[in-house]
Amino acid sequence: MSLRRTLSQRTLWAAFALLPLLSPGIGQAAQDTLRIGAPLPLTGALAPEGTKLRQGYELWLDQVNAQGGIKAGDRQLRVELRFYDYQSSTPKAVQLTEKLITDDRVDFLFSPFGSGAAKAASAVAEKNGVPFLASSASSAEVFDQGYRNLFGLYTDNSTLSEPIADLIHARLPKVSKVAILARNDLYPLSLANEFEKSARKRGIEVVYFERYAIGTLDHAAALAKLATTRPDWVVITGYINDLILVRRQMADQHIAPEVLTMINGPAYDEWIRAVGPQAENVTTASWFHPVLSYKSDDVFGSTGRFVELFRQKYGSAPDFTQASGAAVGVILQQAIERAGGVDRDAVRAELAKGGFNTFFAPVSFGPSGMADSYIPPVYQIQDGKVQVIYPRELATGEFRTGVGR
Amino acid sequence: MTYLQVLINGLALGGLYACIAAGFSLVWGVLNIINLLHGSLIVLGAYLAYFAHQAWGISPFVFAPAAGLALFLPAFLIQRTILERVMGKPVLATLILTFGLNLFLDNAMLYGFKADFRKVIFDPPLGLLDLGGVLLPLDRFYATVAGLALVLAVWALLRTTHFGRAIVAVRMDREAAALMGIEVPRTYALAFALGAFMAGAAGSLLSGIFPISPVASSLYLGKAFVICVLGGLGSLPGVIAGGFALGLIESFGTLALGPELALTVAFVLLILLLMFRPTGLLGRQGFQ
Amino acid sequence: MGTLLRFAGVARRFGGILALAGIDLEIRQGEIVGVIGPNGAGKTTLVNAATGVHRPTAGEVHFEGRRIDRLRPDQIARLGVARTFQIVQPFPRMSVLENVAAAALFSGGARSLSQARDQARETLAFCGLQEREALPAAALSLAGRKRLELAKSLAMRPRLLFLDEVNAGLNPAEMDAALALIRATAARGIAIVLIEHLMKVVMQASHRIVVLHQGRLIADGAPDAIVRDPAVIQAYLGNRYAQRHGTQATP
Amino acid sequence: MSRKSWQGLILVAAGAAGTAALLGLADNYVLRLATTVGMYAALALAWNLVGGYAGYPSFATAAFFGLGAYTAGVLQSAVSLPFPLAWPAAAAVAAAFAAALGGAILHLRGHYFAIASLVVADVLRELTNMWTDVTGGGMGLNLPLLDVGGVAGQARFYFLAMGLMAALATLLTWWTDRGRLGMALRCIEQNENAAQVIGLDTRRAKAAALTLSGLIAGGTGAVYASWVTYIDPTDVYDVLLSVKPILMALLGGVGTVAGPIVGALAFLALEEVLWRNVLEFHAGLLGLLVVLLVLFLPDGLRALRRRAAAGG
C-alpha cells in the first residue's frame, strides 16, 4: 500500500487518520501492518530537504511492498508510512511526533529533518520508548542525552573534516594557513568548528573564521576581507545555494587557494552545472554519493542498483539526503527481520547490535546511538566529474591541488 | 586596494537596489499602503526571467521590462478588486491584507516552482571588468545600469506623461486631484501596477546575478524597507540615493563587523532613521 | 488680583512667516479678556504658544510666576490651563459623559473613575448637557459639541480658560445661552481669554479687549475705547475706510 | 450588575469549565492544541493592549516573545535557575525592553511605528544569532526537561501553565479596561491631540501599555521555551507570532477583553481544520483566509453579532 497522493485518496486517508481517535478497537485487527511515523517539513524554509527525505522513504517503500512486505518471523508485514507536515517549525515537529505515537500508534519513527528538530523530537520518542531513526542529524550535541531509542545514520561532523585535513597534511605540508567562512546555521556552523579543530591539531593556522547570515546573497565584502589573509586552504560551509554564490563570487575576485573545500554542495550535479569550470578541483565530503559502490544484503542489493532505481523513479541522481531516507528504511527493515517481529524492545536490541550491510554504507551504531562504522568519503571534482579520492579502497582518482581561476 | 574593491562592490549594487525599492516607495507614497507583496512580486519577476532564459535564451537584463509588463495587468486587477476596499482604512488593515496576499503568492510559488534555488547560467559566463586590480563583475554592472535606467525612466514618466502627473497629483492631495477631474481609483490602480512593473523588472535583473527561490522574498522586502526610509519616502531620487547608500553600508559594514552582521546593520540603521529622521536623506515628510 | 499669565516678548516663526512678533501681555485672575483681530493675526498661535502645542521661537510665557513655554501640552493642562479647539476635537466614539470624565480624571483631580464620572455629571449639568450624557460625542449637534468642549475644559478645574471661537456657527439664541455660560464660568473665579470674531459676544462679555494684527499687539483696553481706536479700525477695515471716515468710527 | 461584569463572569466560568473538562478527558494531542490556544490567546491579549486599546499597530509581539523565550532559556540552561524564578525574570526582562522600546519609537505613528516595531524582531533575531556563546546562535538552545510526570504529566503541566498566562493576560486586560489606563488608551486611540490637551501624558500611557504587552508576551515566550525544550532564533522571532495575534484580535473584536480570546479560539480552530485536510497548500490558504478576514470583518466577529443583533 504505497503512500496516498491524489486528492480523493487524501480525503479518504484524512478520514482514516481520524479513525484511531474515534474507535481504538479497530487498530488491533490490522496487526499485520507495520506503521512507521515520519514528521516531514513539506512547507516552509526546509521544504526542499523535506521533499528529498520523502522521496528516499518512498523509493524504499516501493521496493519493500514490491517484494511483498517485510518478513517478520512467519508473517509478511505490509508497510505503511504515516507522515505529517510540520511546516519547518521545530515545536510543531515535536507536537506531531507526539501525535504519531499517541494517536496513530505508530510502531517506529523516522526523525524530522536536521539536528535541532531531531534532538527535540527524540525526547518524545525516548519517553515513549519508541525506536527513533535519525536520517539527517550529524551534530554530536543531538546524541549527548544518553537516549537508548535514538539511532543516527550519519557519523559525527568531525569525520568530515579529519580525512581532508589528513590528506592535505600528508600531500601538501606547505599548507600553513586556512580561512573558514561558515553559514550561521546549526549544521554548517558545527561543521566549521570541526574544521577549525582539525586544522589546529595539525598546526595549520586559522587566519580567518567568519559566519555569514542565513539568506546572505552578496558575499563580496566577506571574500574581499578573506583574500587579504592570503590563505592556502579555504573552507566554506553552507547549503547548495550559498555555495554556488560563494564559488562564483570567489572567482569574481580571483581568489584561488591551493585547496578549496566546500561542504555539501559540490557533490550535487546541480552545483557542478551552476558553477561550470569553476568546479574544477574543489574538494568536498559527504556521507553518500552515487559514485560509491557498496555491495549490500538489503532490498537494493548494491549502491549502483539503488542509484539506478532512484534515477528511474525521479529522473535524477540521488543526493545524500535522498539516499539517507532510503537507508534508514533499509536498516529498520533488517532489524525487524532479524528480530522476527515488531516488538520494540527486540528491534531496539537488534539496532544496537548494528552490523547492517546497506547500499549507503556498512552501518553500526556507537554507544551514543551515532553511527561510527564508516568514514564519509572525500570527493573532488575533476574534469566536471565527481571522483572519490579517500578512503584508499574506494578511491577512483588522485588528489589534485590548485583551483581554477 | 581592499577599500577600493569594497567601494566598488557597494556601488555595483546601488542601481539594482534602487530598482528593488522604487516600486515599493511609489506604492507607499501614492497609495499610503505598505505593500508586503513587493518581495514576492520581485521573486515572480525573477522566475519569469529564468523561464524566458531557459526557453528562448533571452538575457535577464534585456527581459526586465517584459517581466515588469507581465505583472502590470494582474497588479492593476488586484488593486481594483481587493486593495481598493481598504484604501484610506487604518494602517492595520492594509498591512495585514498585503501580508495575507503575500502569504498566498509566496506559497503559490513554493507549490508551483518548488523551493529549490534556480540559477540563470550564462554560457559563456559574462566575466568581469578589471579596473586596475579592482574587479567589477559584468553581471552586476549590467544589472545596476539597467536598474538605474528603469528608475530614471519611471521618474521621467511621472514628470512628463498625463498618467504620471495624475499619480503625482493624487500623491500630493487626493481630494484636490479628484476635484481636478482625475479619476482617483483608476490612478491608484495604475500606480500600484507601476509598482508591480518595477518589482518584476527588478526581479528579472536579480535573476541575472543571484539564485532565485520563493524563500528569498522576505529578504528583498526587508531591503526595500531600509532603502525607502533611508532615501526618503515616495521620491524616486530618494530611492536612488537610498539604494547606493544601502549598498555601501552593507559592503563596508561587512568589512568592519563581519558578514553575519550585514543584515543587522541595515535593520538597526532603519530603526535609528525612523526614530530621528523619518523623512530620510532626501524625502519630504512621509504621508501619514 | 495677581497676574495669572504673562507673555514676555513671545514670538513664533513658521518657516518664513512670523506668526507672532514679540507679544507682551498679562492676564489677571477672574478677568475676561477678549482677543480680536482679522484672520491670520496670530490669535490661535497665541493660544497654542500658551498651551504648549507650538513652542515659542522667542520670549517666555509664565503662568502663576512659573515658566511654562518649555513644557508639554499635558503638563501645562495639569497646571490649570485649559483650552477649547477652534475645530472641535471630541473623542467621537466615547459618550458625552466619558469625554468629560476623562478630562476630570487626568486634570480635574479625580481619584477614581467613579469620582471622575460624578465630577463630570456636575459639569454637564452646569453646561446643560446632562440629558445627553449617554449619547456618543459624534451624535451631538455643532452647538452641542461646542458646549462639550467647554464642559471638558471646565471638568479640568482650570484657573485659566482659552475659548477659541467657541461660539462660531451658533444662531443668536444659542449665542445668548453661550454668553450666559461664559459669565457663569467667570463668576466661579476662572480667568477667560475669549478668541472671537462675533463682536456682539466679545463686547458684552469682556472686561478688557486685546487686538492682534499681523502678529503684533496693536491695542489693549476697555471694549468701548478699543472700538474707537484708529489703529484698530485701520487694521480691521483697511486704510481707505479709515481715511474716508476720519477718526470717528460707528460703534 | 453592568453588562461588562456579566461578560466577565461568563468568561471566568467558561474558562474554568473548559480547563476542568480538558484536564479530565483530553489526550495529549488535544491538550497540546489547547495549550497552543492558551498561548495565542495570551499573545492576542498582549497585542490588544497596544493595538486594540491604544490603536498603535504594534508588530513587536514576536520580539517580546522571542526575548522572553531566550532569557528564560539562558537562565535555565546556563545559570540553571529553576523555572518558577526564570519565567517571571524573563517576563520582566521583556517588559523592561518594551518600556525602553516605547521611549524610542512611541513618538512615531501609523506606518512608521508599524515598520519600526516590525523590524525590532529582525534585529533581535540577528543579535541572538550572533551571540553564539550565550544563546547557541544558529545552533539553537536546549532547555532542561522539567520532570512533572511522564508525557501526560508534561502535557497537563504546560496546558495549565499556558492557561495561567492566558488568565493573567485576561486579568491585566480586564483591570486595564475598567481602570485609568484603559480610559487613557481609549482617548489616545480616538484623538491623541485632544487627549494631550486634557492633561493626559500620552507617552507614559502608551509606554505602560507596551510594557504590559511585553510582560505578557515575554512570559508566554518563557513558558513556550520550556514546553518545546529546544528553541532557535528563526522560530521564536517568527513574524507570524506578531501577525497571527493581530488577526485573532481582529477576528474576535479589538479593544475588548473577550475579543482576543474568542478570536484565538476561532482562528486556531479554522487553522486546524485547514491544516488537517489540506497538507500541501495550507499556508497559502491561510493567506487567503487572512485576506477575506480583513476585507469582510473589519472589526471582527463581534461586528457580526452587533450587526445580527441590530437586525442585520
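Read from first to last, the chains carry the letters A, B, C and D; within each, the first residue is number 1.
Basically, a contact is a pair of C-beta atoms (placed from the backbone, for glycine too) under 8 Å apart; a residue touches a chain by one contact, two chains touch by 3 or more.
Computed from a prediction, not measured in an experiment: that's the story for all the values here.
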Shared interface partners, meaning chains that touch chain B and chain D: A
Pair with more cross-chain C-beta pairs in contact, given C-D and A-D: A-D
Most distant chain from chain B by Cα centroid: C
Nearest-to-centre chain - CA centroid comparison: D
Rounded Å distance, chain B centre to chain C centre (Cα mean): 50
For chain C paired with chain D, centre-to-centre distance based on mean C-alpha positions, whole Å: 45
Chain centre separation in whole Å, for chain D relative to chain A (CA means): 37
Computed distance of Cα centres, chain C from chain A, in Å: 77
Multi-partner residues of chain D (at least 2 other chains): 126, 129-130, 280, 283
Residue list for chain A, restricted to those that touch at least two other chains: 43, 45, 184, 211, 213
Shared-contact residues (touching 2 or more other chains) in chain C: none
Chain-chain contacts as defined at top: A-B, A-D, B-D, C-D
Residues of chain D touching chain C in the complex: 178-180, 183-184, 186-187, 190-191, 193-202
Sites on chain D touched by chain B in the complex: 51, 55, 57, 59, 104-105, 108-112, 114-116, 119-120, 122-123, 126-127, 129-130, 239, 243, 246-247, 250, 280-281, 283-284, 286-291, 293-295, 298
Interfacial residue positions of chain A with respect to chain D in the complex: 10-11, 14, 17, 42-45, 84-85, 87, 89-91, 94-95, 98-99, 102-103, 115-116, 119-120, 123-124, 127-128, 139, 141, 183-186, 188-190, 211, 213-214
Chain C - residues contacting chain D, complex: 51, 53, 72-75, 77-78, 82-83, 85, 89-94, 98, 101-103, 105-107, 113, 152, 156
Residue ranges of chain D touching chain A (in the complex, touch as defined): 27-29, 32, 126, 129-130, 132, 137-140, 142, 145, 150-151, 224, 227-232, 234-235, 238, 276-277, 279-280, 282-283
